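Structures incoming, each one as structure tokens.
Okay, so chain A shows up in both of these, paired with chain B first and chain C after.
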Partner chain A sequence: MVINEQKHDDIDIVVLSGRFVMADAPEVRERLKTLVEAGQGKLLVNMESVTFIDSSACAVLISAFKAMQLKTGRLVLVNSPIVQSLIELTRLHTVFEIMPNAEAAIAALAAG
Partner chain B sequence: MRILIVDDDRVTRMVIERSLQRYGYETLTVDNINAALELVLKGVVQFVITDWLMPGGNGTMLCEQIRNANLPSYIYIIIVTALEDSQSVVEGMDAGADDFIRKPIQFDELHARIRAGERILQLEQELQENNLRLSETTNQLLAANETINHDLKMAATMQRSLLPNTSAQIQGIAIDWLFHPSTHLSGDIFNFFPLDKHHCGFYIIDVAGHGIASAMQSFTLSRLLSPDTQGGNYLKYRSPEAPFQKIIQSAPAVIAALNHQFQTDETNILYFTMVYGVIDTQAKTIELCQAGHPSSLYLHHNDAAEFIDEGGLAVGIIDGVDYHSVLLHYQPGDRLFLYSDGITECESADGEMFGSERLRRSVEKTRGLSIAETIHSLDLDIRTWRGSVGFDDDISLLVLAT
Partner chain C sequence: MLARSESNYAITLAIRSEAEQVSLLCEALHALCLYASGSVECALAVQQAAAEAINNVVEHAYHNQPDNEIIVGWCQEERQIRVDILDEGLSMARLPKPVLPDFEAESSRGWWIINASVDKYFYQTICDTFAGPVLHPGGMGTDFKDLENIPHTNILTLLKRF
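Right, the complex of A and B next:
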């Protein structure tokens, strides 16, 4: 998978693409952890180009979500349809803040 | 360095020997190739300067014999030939000589050629040392790998021993299952056990990820979810009032307790999905609670297979969330299928997932089969879908037959 970091004002954006599975989990976990710790409490994980996500990857997202809650920040996800359906299987969509696209996510984070 | 000089002419031997000694080399001299070969085979020298034409065998033979001996160290050979004889140089080098020098010998040239040979031998020695270190490291790695594999196999055997016995029914309910860890160990675990005289419990758990960390969590959960421990536990508690009977926990209460105790944090991020159910074999009901797990499939004995979709969040994500159960009234011949997402997300060679609808059709196909045949049929469908490669994720499926 490819991990790409961007910044939009005080919003940190991580764009993931390809398959997000166990082998990628440690690196993404470390990157998100660093961004949650150093950032302004506004993090967008864009998975529009992610083609598959497994439970290890979900665990990394939850870990980042919980860390962000601790510092009363926001973690927003943008999902490809396949990621959305796999997240819905474990009902994690009831936990995450999910936006339909990157523009909406950035607008939401900028407003709040 | 020690150099062996091979020449049948005594004067030539002496001249070369003196010149080499002047350059600081140790020398040995012999007048025929048999004596030379003997010294080389003994390992006394690694550097040979040999005349080309000698009675009793020429330099070609010596080169060939040395090369054929397959000695542990490389022997560097310089042949000495007459100025006009270019054919012997070709023959000599083809036979395994490394370099040559013409007669009459220019000693500063010979010295330069010896130094070049020393560099080659030095490289050869370093190469040999590196090879030795590499093969030592390889042996250590192989040994370590063998130890790890042995440990994993033992752990895998232990894990299998935690799975339910398929031969005995509990209160008239039969069980069978399939279990394919993606590596030695699985993050999936399941069980089926009596809770009291007319209740039995069952669960399936899939710890996030797969491999050792997930398996360790699944071992822990398997031990905790055992009805046999004395006193209270997750599955039963002792009533605070007389006659202090053990009371069976409701399915949502079991999952809520696990959710409270197994909250993920910064160091342990492995949440798990599960289904827990309590069968009342007198009232003929199944109380089923699902937590982030793929929907169980219920095959009615006289009606189509349907998914049981009601369920809550996976376990360990948010403390204090509510879990609810559904109550199923079963009739003899009904079957309940629980499975991990390793099945529905199992990809074919083209990257297409097996999916829940294909699973439903596979389950529907098993109507009328014995439960052993049912498991066999489902196993075959999934393996055929997957093709010849191994599974990416742990696979487990169990069927309960009323």
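Right, the complex of A and C next:
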């Protein structure tokens, strides 16, 4: 998978593309952990270009979400249909903040 | 990854027990299912279940030790796809119930996903002198501690109609 980090004002953006699976989990977990710890409490994980996801990837997202909660920050997800499908199957959509696209996610995070 | 075709409707795939190898196998299964069923939903569902099951083998049956083999048999049986996942690692004494954990839990969603993705799945451990019971979700089997030093094969079978 490809991991690309961007910054938009005080918002950290991680753009993931390709397959997000068990083999990628340690690296993504570490990158998100670093961003949560060092960032301003606003993190967007853009998975619009993720083509497949498994439960190991869900575990990474949960870990980042919990770390951000401890910091009273916000983690916002943008999902491809395949990612959204697994997030809904595992009922995680009831907890995660999910936006339809990156623009909406940035606007939501910028608004506080 | 090794692949061996048995017929037009069956193929055997094999990988080493490494997380990095799982995607290759799952993408191959996806392609086979798409070819057989013509259904994107069916192919994705089988891939989703297989990914979780093979991850379990890598992580739990082989404890992330890379030099073991995972063999996957794929076949089409009329309007059903059958996937048999074989390993020689640590056996499961029971097939976990597909229960969704609390949000806080970072793991244990795999069997839920498998259960939701395929129509049926079951598990069996066999060796030369012994065949364990066929375990269905939540079912208890034999205590396999005695099998640790005996060559054996664990088989998880996934069935998906299309």
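FYI, the second predicted complex is superposed on the first by the 112 of 112 C-alpha atoms of A that agree within 3 Å, B and C clash if a C-alpha of one lies under 4 Å from a C-alpha of the other, contacts with A are read in each partner's own complex, and residues count from 1 in each chain.
The rule is short, and it goes like this: a contact is a pair of C-beta atoms (placed from the backbone, for glycine too) under 8 Å apart; a residue touches a chain by one contact, two chains touch by 3 or more.
Source: prediction; values computed, not measured.
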item	value
Partner chain in contact with A:Ala23 - chain B first, chain C second, else both or neither	second
Contacts of A:Leu89 with chain B and chain C, given as first, second, both or neither	both
Chain B versus chain C as contact partner of A:Ala107, first or second or both or neither	neither
Partner chain(s) touched by A:Ala67 [first = chain B, second = chain C, both, neither]	first
Contacts of A:Ser55 with chain B and chain C, given as first, second, both or neither	both
Chain B versus chain C as contact partner of A:Val2, first or second or both or neither	neither
Intersection of chain A interface sets (partners chain B, chain C)	21-22, 54-56, 58-59, 62-63, 66, 86, 89-92, 94-95
Residues of chain B that touch chain A when the two form their complex	206, 208-211, 264-266, 269-271, 273, 292-294, 311-314, 317-318, 341, 345, 392-393
Of chain A, residues touching chain B in the complex	21-22, 25, 29, 54-56, 58-60, 62-63, 66-67, 86, 89-92, 94-95
Chain A residues touching chain C - in the complex, by the definition given at the top	19, 21-23, 52, 54-56, 58-59, 62-63, 66, 82, 85-86, 89-92, 94-95
Touching residues on chain C, where the partner in the complex is chain A	18-20, 22-23, 26, 44, 47-48, 51-52, 55, 58-59, 100, 103-107, 109-110, 112-113, 116
